[in-house]
Amino acid sequence: MTTPAPTWSFLGPGGTFCESALRQVAPRDVVLDPCQDVPTALDHVRDRSAVAAVVPIENSVEGGVNATLDNLVAGAPLVIAAEMAVPITFVLAGRRGTRLEDVRAISTHPHAWAQCRGWVHQHLPEAVYIEGTSTSAPARALAEADDAADAALDYQAVLCNPLAAEQYHLNIIAGGVADNPDAVTRFVKVCRPGRVGEPTGADKTTLLVQLPHNRAGALLDMLEQFSVRGVNLTRIESRPVGDSLGRYRFSIDVEGHIREERVQAAFIGLHRTCPFLRFLGSYPRLDSLPVVVPAGTSDKDFVVARSWVADVLDGRTL
Amino acid sequence: MTTPAPTWSFLGPGGTFCESALRQVAPRDVVLDPCQDVPTALDHVRDRSAVAAVVPIENSVEGGVNATLDNLVAGAPLVIAAEMAVPITFVLAGRRGTRLEDVRAISTHPHAWAQCRGWVHQHLPEAVYIEGTSTSAPARALAEADDAADAALDYQAVLCNPLAAEQYHLNIIAGGVADNPDAVTRFVKVCRPGRVGEPTGADKTTLLVQLPHNRAGALLDMLEQFSVRGVNLTRIESRPVGDSLGRYRFSIDVEGHIREERVQAAFIGLHRTCPFLRFLGSYPRLDSLPVVVPAGTSDKDFVVARSWVADVLDGRTL
Amino acid sequence: MTTPAPTWSFLGPGGTFCESALRQVAPRDVVLDPCQDVPTALDHVRDRSAVAAVVPIENSVEGGVNATLDNLVAGAPLVIAAEMAVPITFVLAGRRGTRLEDVRAISTHPHAWAQCRGWVHQHLPEAVYIEGTSTSAPARALAEADDAADAALDYQAVLCNPLAAEQYHLNIIAGGVADNPDAVTRFVKVCRPGRVGEPTGADKTTLLVQLPHNRAGALLDMLEQFSVRGVNLTRIESRPVGDSLGRYRFSIDVEGHIREERVQAAFIGLHRTCPFLRFLGSYPRLDSLPVVVPAGTSDKDFVVARSWVADVLDGRTL
Amino acid sequence: MTTPAPTWSFLGPGGTFCESALRQVAPRDVVLDPCQDVPTALDHVRDRSAVAAVVPIENSVEGGVNATLDNLVAGAPLVIAAEMAVPITFVLAGRRGTRLEDVRAISTHPHAWAQCRGWVHQHLPEAVYIEGTSTSAPARALAEADDAADAALDYQAVLCNPLAAEQYHLNIIAGGVADNPDAVTRFVKVCRPGRVGEPTGADKTTLLVQLPHNRAGALLDMLEQFSVRGVNLTRIESRPVGDSLGRYRFSIDVEGHIREERVQAAFIGLHRTCPFLRFLGSYPRLDSLPVVVPAGTSDKDFVVARSWVADVLDGRTL
């Protein structure tokens, strides 16, 4: 008897950058569960039809991926277990015979389009944009369309990643398409919460916190909950709470692990003073750089300080 | 001889919430210039083919409108001259005879879809989503499709605003569709910069500022440039700088007008300490609420203090 | 067999304001141990020849009493157990027959002199000051001097408190002498440390903390250790560390009791980040005003927040 | 006709450390005006009977000199024009023939006594202290006492500075007496205010500021007026306002000169938000160390930023 292979959901369809990210961390025998959108992929973890989901969380050009940030706070709790980065460059692909100068229409996902707009403007200023639901769906559609029926297909192209072009046997018209060749999308592996593991020394913690309403300086106060414990922020994204203009939640990444005292102290401070707080995981940093713990904020510093207070309470002041 | 009517660009097509916003502030005889996307609408102001543009800047559910935030910082300077709010509720509309129970596919813009997902899930759980390029384009497409050719059209519906349903003679299947009936989109009127006008006493100022790189506490320091002068933030949105992960610009609204001393002092502080700063306009607040100027931050307080320093320098200390 | 009456040391001699303060809190049968200076009074508690000492800690005109502040940090630990306020007004007293217009020399302690300088300047502008070692010693000296031997004594007066004038049978030439009739000296009862008692809800905590050397913003950082936990300061006095110019310790009073979570959290933060920290007692406030605990800083807030972190660590995120 | 030699007042009598400080900066032909206390010395400048006064302001062991700090704020404005440091070590001096083991009583000023207490405790544990009004007055008294009349004088000694022992022909029993051999007193030259001179690049500015009453965080807010402009504090002393307990003024030294923009900006911020502010002089630092101006706070940074704001107001945004 064998353990069945685990199912991982992800933002489909197959052949997108998200599948590339999944391949970085999933086991070999993973059963792929491509989902039509991020909420569906995450819900498959919540309802136990998948053990993990891989979804994009941040793009160096377009910013936070709202569907992911908002779903992680709205539904049953999930936690991030790993992060993966995928460089975002595209190929312009078409049917056999289509040349660059033939292309009149280009289809891709709006995020991809946003990252190639400059290139298209320069090389194909006349081309019309056709919005696609992913970077690979238009590739598949183009590949599966009936040749004979529609000659117009020869004037179409798609912007997709190399993997999709290969999977759907499309011809690469131009490679390395990207306005910003350093563009990167960060993906995360998301699981159901369980006992939190041990720190590696090079960890990151993600959380979501809502500011108290209508109080000048609330953001400043919230940030001081981190700074006073020497906890450094590496990402902060504002998201509207959604019930009216002017109220925000902040999605935040900090250096360190929730099993570390200084990070716990910051969480305790936030929990005390903010109306909503959600822990979204402590996990190894992509870059494996050890976190520099500022003087006075190591676990030992906290333990010694607490023990000093206990001594004071018992009259053992020295 | 008469002055030609002014041209205003906006995020088209006609019949969307953006046109409703424009109608709130444009002159009667305005010439409409509907554009396919926000960058185009703004560029028409830059190239003087329009005197003003109306574009969305913030949605109470979906957050900041990235295309607007990013374009305002990237191109030649523009400034916001007015803000308008439009409540966002939709109608589900279809061809004559289509009943709620018939609907199998719904088309609309992704932002609209995001704001009606719950309603659809409850009333039409089986309905398939077809992405549209605006809230009115699918309405027009449905209206213009050829009846005889495609009976499937009877099973389609669109989520659009009432104006679009009326313009395209569609039948309203359900009204007041919105997961959050209080949802509001804030639009702005954008112009070329000119001499800044006088404060009204109930003003707002928008700016964009980039943090110094790689300095712990940079966000805290930036916020203190406002708090130390008693300038209150009403909106803050992070946007990636775009060249690598972990670098942010912040799009910020503050209470007050750049002709007020405390706001100028904050700008001077930001200009001194941040690598990039752009003024995006001082304009009357939507709610007309007079700004409460904290003690010690009125124009008079600044003038008196500067005059005191001048006295000190000249040895007239009293 | 009876318990011997307890001995209390204090800043002598008898008949000074310090004895008045002691009388406010000492048991009836107390054995008085007047000491020549504050260090001696405190050392008598340290060496167990007294169970408590009463010494001045702060004067509303002259400021902190350095001898007390400095001795509490230098020697073996002691803690403050109570505070008492004594209004500081003096009588001008002399031998029988001495009239106001006769007075040519006035003797008293320099602190007392500092608080009556204006009155003397107005009423006895020609009078010479003779420094005394306390407010009562000159009274005693004047009373005990030999009448016959020195007629000059008829031209002398002392500034002392009414009790001393009475004890030494001097004649009151003028009463209510004080440049500032609201002047108050705060005295403290000091004991050897023991198990810290329970809060009353209207408590104060005294501490001494030294800033890290040579770091811009160190004072700001130190104060944030209090503000981030909603702990309010009611007194702060700088004292030189003593080894070179520019290094300071701060003697601080805060609202609240060290058995309260927010005060403990502030102490833990200080212990982690400052090179020297001494707890100097939690005790009832003189004014009995209940401490207002800011939102998010009650003991319950801390307990709930810690329990939330424990849940998170065990995977019980809700 | 010649210009009369200038008169300088100082804390007398002659032969104290204060005269040593005066000699460091006064012209050769200065007319000495020794005063009995600091207020008198300062008043002689106010009433033009002296052109300058030299008084102590801070002692590395005993802290701020209250008489100086308080008088500078109370009377007509004066400004500090220079600072001088004098190392504080004493000699134990007596009449010819008095040996260390003979000494039974020691007289000196209380501050001097405080700085030699440990030495006396170790070498002459039985010696009685006799309070003196200065460090040189007891030396003079001992020298001038009539030999024949009082053999007890052979058992007396004084702690004074070497200059006084020399002036009064006393015998040095022990030299280099000081508990802390690095003890230093900082003296200041004080003048009537006039047009403020130019910065040297290594300057210091002294000021006195009172916090708004009864506002939690007022001290933090005040310190931020400096930190947000990159102005570094080198000294901060709390002084009671004097009308009731719990209200403070702060005497502060900062790096930099009031002719520098960042210092002026801090002064403007303080003037706007604090109920009392007094400028007490910008003058060269004792150590001549050039002030490090933090990034973004140079005069040029301020000028460029102000000019940017002017451009914005005129519509010249670039």
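Which chain is which? They are A, B, C and D, in the order written, and residues in each are numbered from 1.
Everything below uses one rule, namely that a contact is a pair of C-beta atoms (placed from the backbone, for glycine too) under 8 Å apart; a residue touches a chain by one contact, two chains touch by 3 or more.
Only a predicted model underlies this, so the values are computations on that prediction, with no experimental measurement involved.
Peer 1: Can you list every chain that touches chain B and also touches chain D?
Peer 2: Common contact partners of chain B and chain D, which must touch each of the two, are absent.
Peer 1: How many angstrom lie between the centres of chain B and chain C, each centre taken as the mean Cα position?
Peer 2: 60
Peer 1: Just the number, please: Cα centre separation of chain C and chain D in whole Å.
Peer 2: 25
Peer 1: Which positions in chain A touch two or more other chains at once?
Peer 2: If we look for residues of chain A contacting two or more partner chains, we find 224, 227.
Peer 1: Among all the chains shown, which pairs meet the touch rule set out at the top?
Peer 2: Listed in label order, the chain pairs in contact are A-B, A-C, B-D, C-D.
Peer 1: Looking at the complex, which residues from chain A come into contact with chain B?
Peer 2: Interface residues on chain A, with respect to chain B: 58-64, 66, 85, 131, 133, 180, 182, 184, 186, 216-217, 219-220, 223-224, 227, 232-240, 242-246, 248.
Peer 1: For the complex, which residues does chain D have touching chain B?
Peer 2: 77, 79, 193-196, 221, 224-225, 227-229, 258-259, 264-265, 267-269, 271-273, 277-279, 295-297, 301-302, 304-306, 308-309, 312-318
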